[in-house]
Amino acid sequence: ATLTVARGVDADGLDPQQVSTTQSSQITNLMFDTLVTLDASGEAHPGLAESWEISDDNLSYAFTIREGLTCHDGSAFTPEDVVFTFDRARDPETKNPRLAQYGPIESVTTEGNVVTVTMTEPYGPLMSYLGSFSIPMMCQGSVTADGGFEPVGTGPFKLVEWSRNDHITLAANDAYQNFNPLIENPGRPYVDELKLVVIPEAVARMAALRSGEVDLAEPSLEEAALLDSDPAFKVYSADLSGQQVLTAFTWKIPPLDNPDVRRAIGMGLDRDSYAMIAYEGLVSPTTCPAAPGLIGVDLEKCAEWGVSYDPDAARAILEGLGYTQDSPLEVKLSVHALPGFDQMHQMMQQNLAEIGVQAELETREVAAFFDHMSQENMRTEGTPVVWTMGYSGVDSDYMTTMWKTPGFVNMGLGGEMDAMLDEQRTLTGDARVEKLQEIQKILLEEGYAVPLVSPGWNWLWASSDKIDGFKTGFVASILFNDVKIAE
Amino acid sequence: MTGALISVRDLSIRYGGPDAPAAVDGVSFDVNPGEIVALVGESGSGKSSVSLAVMSLLPDSAHVGGSILFEGRDLAACGRREMENIRGNRIGMIFQEPMTCLNPVLSIARQMTEGLVRHRAMSRSAARRRALQALADVGIPEPERVMNSFPHELSGGMRQRVMIAAALTLEPSLLIADEPTTALDVTVQAQVLDLLVEIRNRTGDGVLLITHDIGVVAEVADRVVVMQGGHVVEHGPWEQVIRAPREAYTKALIGAHMSLEEALTDGGLHG
Amino acid sequence: MLFYVARRLLTAFITILVVVILAGVLIHVVPGDPITAMLAQSGSADADDIARLTAQYGLDQPVWKQALLYAGNALQGDLGTTIRGGEPVAELLLDRLPNTIALAVAGLGTALVLGIPMGFIAAVNRGRAADFAVMLIAILGVSIPGFWMGLTFIQVFSLHLGWFPVAGTSARNIVLPALTLGVVHSALVARMTRSALVDILNEDYIRTARARGLREHQVLLVHAMRPAMISVVTVVGLVFAHLLGGQVITENVFSWNGIGRLAIQAMLQRDYPLVQGFIVIFATSIVLVTTALDLLYGLLDPRVRRR
Amino acid sequence: MADQTPAPAIEVRDLTKSFRVNGRDVHALNGVSLAVGHAETLGIVGESGSGKSTLGRIVVGLETMSSGEILHEGTAISGVGRAERNARLAKCQMIFQDPYASLNPRMTIGRQIHETLRAHGSRQLAHNLATAAVLLERVGLPQDAAGRYPHEFSGGQRQRIAIARAISTGPSVIVADEAVSALDVSIREQILDLMAELKGTTSYLFISHDMAAVAKFCDRIAVMHKGRLVEQGTTRQIISAPQDPYTQSLLEAVPRIGRRR
Amino acid sequence: MTDTTTNHRPRRLPAALRQWNIAVGALILGIVVLAAILAPWIAPYDPFKMASGPRLTGPSAAHWFGTDELGRDLFSRVLLGARLSLGIGFAAVAVGLLFGVTFGMIIAFCPERVKALLLRIVDVVYSFPDTLLALALVAFMGPGVENATIAIAISLIPFYARVTYGLAAVERAKPYVEAAQIAQAAPARIMRIQVLPNILQSLIVIGSIGFSSAILSAAGLSFLGLGVQPPSPEWGSILASGRNYISRAPWILIFPGLAICLTVLSFNLIGDGIRDLTDPKSRRRRS
């Protein structure tokens, strides 16, 4: 049977070491497996490696590679393939955009069945990334004789055909063995063929779903809400997305340099209604600076540290600082486009107006937005900017990328925070959890981040009720191994 | 009266509305088969308007009164189809201003042959041969070149001859020629007039010749209708009108016609 | 003549080259860069990574150097590889070019098939109910956003009637997008046709054609339409050139795998080589069509020919 | 050339002009040389298609020549700068053979005359319209003519409008291409008289098929045939003693009362 | 025109209705403009106020045009939206026409060599994709409605210039222009006074149709940061933000679409009326 799936955007490429978007990794993840796998709690389980050992100093990881695995091209998957994968990932020629997630690798060596990855410094998040689509294992056959690339992995599907922006056809890998605890089917996927077509317009995608032209599709927020109440359709949302939406501030620009002002603004934001109205009730309000489900994320604790919706208190604080309805605090509310953002920001604007903050909305497309924010975050005077963004990852470590100087779009906090973020990487287990929470506590108490909702984009799926067994994994990955199509 | 080709009765034309002053008022005359009737008169007296009325081609702003019978049939009562079959085929027309009356984007060949193709069911190539002949008949020196030209590439006289030739190829029963020779040098004019007379003699068709050249009238017309200010002021056989004009205007018209010799002395310029 | 055409082609070539170099500079002025855009979406916008990749892609070079380098390579037929996915730009664009041309031709054809008769009917019935009705239809066509019309077509023809698939790029699928494009652009064609025709129907040579006893339809179709088409062709030609650059909205709604979608994506991702490659194609189609138009004026209007 | 004799108003030397039609050259003018003196009226008669209009158009600068030279007041027009060239050409006016086509269909007659006067520095609309009214009356048009559009006139009336427009600026050279061909004799007299009034200051290139009008109006006559000048001389010479056979046949063909075809 | 009956048929429109199109067009446009001006006073609700009613309800007595996804009153929003939409459409087309027509005319009246060069320059500008132009403009001038309007105007200029050039080149070859040239009228005046009125009809047509496309492309640019920023209502952006509600709440699309449609209709009616006025052949003669 063929399963036809409609998405809004195609992959940028099929080379897992070159792609960067979620949509691309969703595809590569179907063709490439990972060294380890993650269960729903984020705990590492065996994958292509049947076991591993971590040295006491947390610097060396020894993975024992399973035997009897075959690549799509029929060759056996060997420890050399693992080394090949790591070497290629680190080769400048590869231009790997996710190299930072591999951590401070010193060397990757093999001995018999064992591959040893040695770090120059301890790197806590490694196992999470190894279990996600960020670091998939490639077979050596992926590099063709003329130096070109061809996706050859050990994953559940192999590539049949790709026509960019139109469709990708994948065939079930007969030799597939599954180790992912999120998946029940131990072997080859039930469907023979998987066809992923691109239908950019959400309404058209839904029409295709309704007409039976496709079996599974990404709905728009608006349509998902409609389908949710229709018994002929199922709507799925990714619980393990690792995504969330949060509000941040150009905290160097007065008066946003004052934590009270930032917290007051946070208090003015009614995230429950954003979730209910802007997101049609398909997301949940969240409280932590890292996404729910990731390591060290405890929504209840975060709720204590952070602010909750309390416009009266917010107004009081701002009034105390001289900002009233009549002489409001003027800020820009700078955003880019994501599903639900448009409505949410209009609601935020209205919320802010009620507490004496006059926010002027400023929309930009993604590239210009980040460029703009990089500049705004460097300023120390002028109109302060309140801005919203989405962020995702498989490990709470992404807070390092965001907040450690210079930080994402120059939003790094510097000082003590840099040190804490560095430190959390060297820790494991409870110690790391504790450190991560300490970091989050500061972010929330100082009002650097106001978490809004989770998840945020590409996390919704809808199918006809004939489809059974569709699942989503970490970082909004999509899993088809268990899918059965009822006649 | 039996067998008038066309009889115009009490024709009035008003431009702009039923209440506008009449450009043509109470005009009546006949053209019989085999007859060349000259319509002469002062500039603006309504000659062209009358001819357009006969063709039913006045602009929408014109209001027409009176009747026009062609071979006994009231043209006003003709349907569109019928009129299309009459025009060009039974009544041909040569317009006064050859430049604006030729389609600028169609070749001369196209414009000359389309009538033949339409009314005579000729093939394009046969029509082309016929048209070439007609161009030669009106004294065009290089008919082939002219055929392949566009109107703006021709001299004024050539365009006028194209108009004449196009109308003549169809050999209509009635030919209306609105000042057909104004742009022609006198030798060509003579040739064209000879041609008209020859066709008339051969086929017995009628011609309504609009002109202001009394010399031309005297040479070819059988009868003369003189118009002034929208009215017919005099009407009769050519000898009578030219030799013994009754109306003052007609007299003036004829009196003003000069022979070359008169012109020389009259102009009396420093010769 | 041959010399003339050769000279035209040379100037066309130079025009395109100028566009490409200008675009190469312009593109770097636009805020945002491919690497930040890429990493912002990767969940790994690490500052070190950005610096490293920027250097690896040669984006740290001076702008003029990059623009000239690109133009130089382009002259040798090398349009480079995309930043996202590392695919050869020329191949990517040329694969989609036939789709885009097909849609542009079909869309424009539909616009002409709808628009010219509408304009014709309106002009012939000027001032009457038919004129007004045609105008109303034309204006509806141009005021309704393309995506709305397209989606409605999908709802009606694909979902309810099941005549056409919702999505895809095939001969069967071209009907609805072509219809959408056609309806949107037919307004311009119809109004332009009407406007030109109304003027021409007043000309003396139309009277001459009637005097020749031509059938009314011959008069209108040959004597009136031929000259009227001159101004229509100008507009239509320019629209066609534009359509050859892809129709983002229509391509999106009908999942048509054309150049427009690819281009807008490239633009938003700041995939410079792809954007520049697209501009090469877009500029080429504009220059070719406008050159053809200039030649066509002469063909359609002998009065302009000698100039 | 003696210094004392003033240069002719217009002089044409060895003018040729060919058009390219369907890949073939059509020689409209073939080595034509002639001169029009100050306040002189030169009649140009000749075969239809012999290049008379083309000559006129070249003289007023509407058409380029293939070779040859045109001198205004003794100065070659090709040798002077743009501004001077324009200034010289500004003193020339032309009455077109196709009066209707030469009138702007969307402009009233009064307005068109105003535009012409305006180009010659008379900017006041009211004043120009008054001038226009006088001129239109003099060419025998009804009072309301200034407010009407070209299509509302008869052929002869349009011709008179074109004449009125051309003489409105008092040009020093007028090329009159079949200016009176569509006029009946009585009005033609009137118009020719009007044009004659300007003769003291204006040189005319009077292109016509109407031998009588030419005989009456012109000082000298040039006869053209197939792009060449076949004969030139005073009016009396040409009319009473034509030398060239073409001229003879031309005169022979003039219609006259008393001959019947 | 049907032949023989032509002359006897009563005039197609009675005298009073002669300028019927202008009258109706002006009436519609007047209403729209009035609505734009008076919007703050006549709007039944605050156009920005969320939850004026329940979300996404259809047209009713309380909300004539229904409510949008945030429960705002759509009627009030469409009313206020007239301001920006009229402004954008009008300004973009006006600027585009002004420059486009001027360039086009100049090109048509240029000597051969200069003409080729100018045409190529127009081609160069035309060769830049709208989106790139718009993005570049944001770079130079920052986001905003005004800049969106400018971006659209710029992308319209080469089109208008080319169309004008095509039309004017045909006119230029006509004898009446030659007659004006002989009179040595200044070229600029010939273009403006002689040629322009004769090609005006077609320019009105592309202008009036350009109005709606300008509004729609402004909406298309708003996600680039150009164009109207929410929550300001503008017809095109209401349409754009409502696109995913096409099956759930079609009224969000219908009413602003209708507003655009009516406005464009009024322009077209007035355009036709102007044609009738300036077309001497179909004009009544004053008696």
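List of remarks:
We just call them A, B, C, D and E in the order they show up, numbering each chain from 1.
In this text, a contact is a pair of C-beta atoms (placed from the backbone, for glycine too) under 8 Å apart; a residue touches a chain by one contact, two chains touch by 3 or more.
The shown structure was predicted, so the numbers you read here are calculated from the model rather than taken from an experiment.
Of the two chain pairs examined here, B-D and A-E, the one linked by more C-beta pairs in contact is B-D.
Here C is the chain whose Cα centre lies closest to the centre of all protein Cα atoms. Distance between chain centres (mean CA atoms), subunit A to subunit E: 44 Å.
Note: centroid distance subunit B to subunit E, computed from Cα atoms, is 49 Å. If you average the Cα atoms of subunit B and of subunit C, the two centres end up 52 Å apart.
Along subunit C, residues 30-31, 147, 151, 155, 202, 204, 210, 216, 230, 301, 303 each make contact with two or more other chains. Listed for subunit D are residues 19, 98, 100-101, 151-152, each touching two or more other chains. Annotation for subunit A: residues 203, 365, 368-369 touch two or more other chains.
On subunit C, the positions that touch subunit E within their shared complex are 11, 14-16, 18-19, 22-23, 26-27, 29-31, 124, 126-128, 135-136, 139-140, 142-148, 151-152, 155, 187-188, 191-192, 194-196, 198-199, 201-202, 210, 216, 230-231, 234-235, 238, 241-242, 245, 248-249, 263-264, 267, 275, 278-279, 282-283, 286-287, 290, 293-294, 297, 301, 303-304, 307. Contact residues of subunit A toward subunit C in the complex are 6, 11-15, 18-22, 92, 95, 97-101, 134, 149, 163-166, 197-201, 203-205, 207-208, 210-211, 213, 365-372, 374, 391-393, 398, 401, 406-409, 475. In the complex of the two chains, the subunit E residues touching subunit A come out as 48, 50, 55, 69-70, 135, 138, 143, 222-225, 229-231, 241, 243-248. Residues of subunit E touching subunit D in their complex: 174-176, 178-186, 189, 193-194, 197-198, 278-281, 283, 285-286. Taken in their complex, subunit A has these residues touching subunit E: 202-203, 206, 220-223, 226, 277, 337, 342-343, 345-347, 349-350, 360-365, 368-369.
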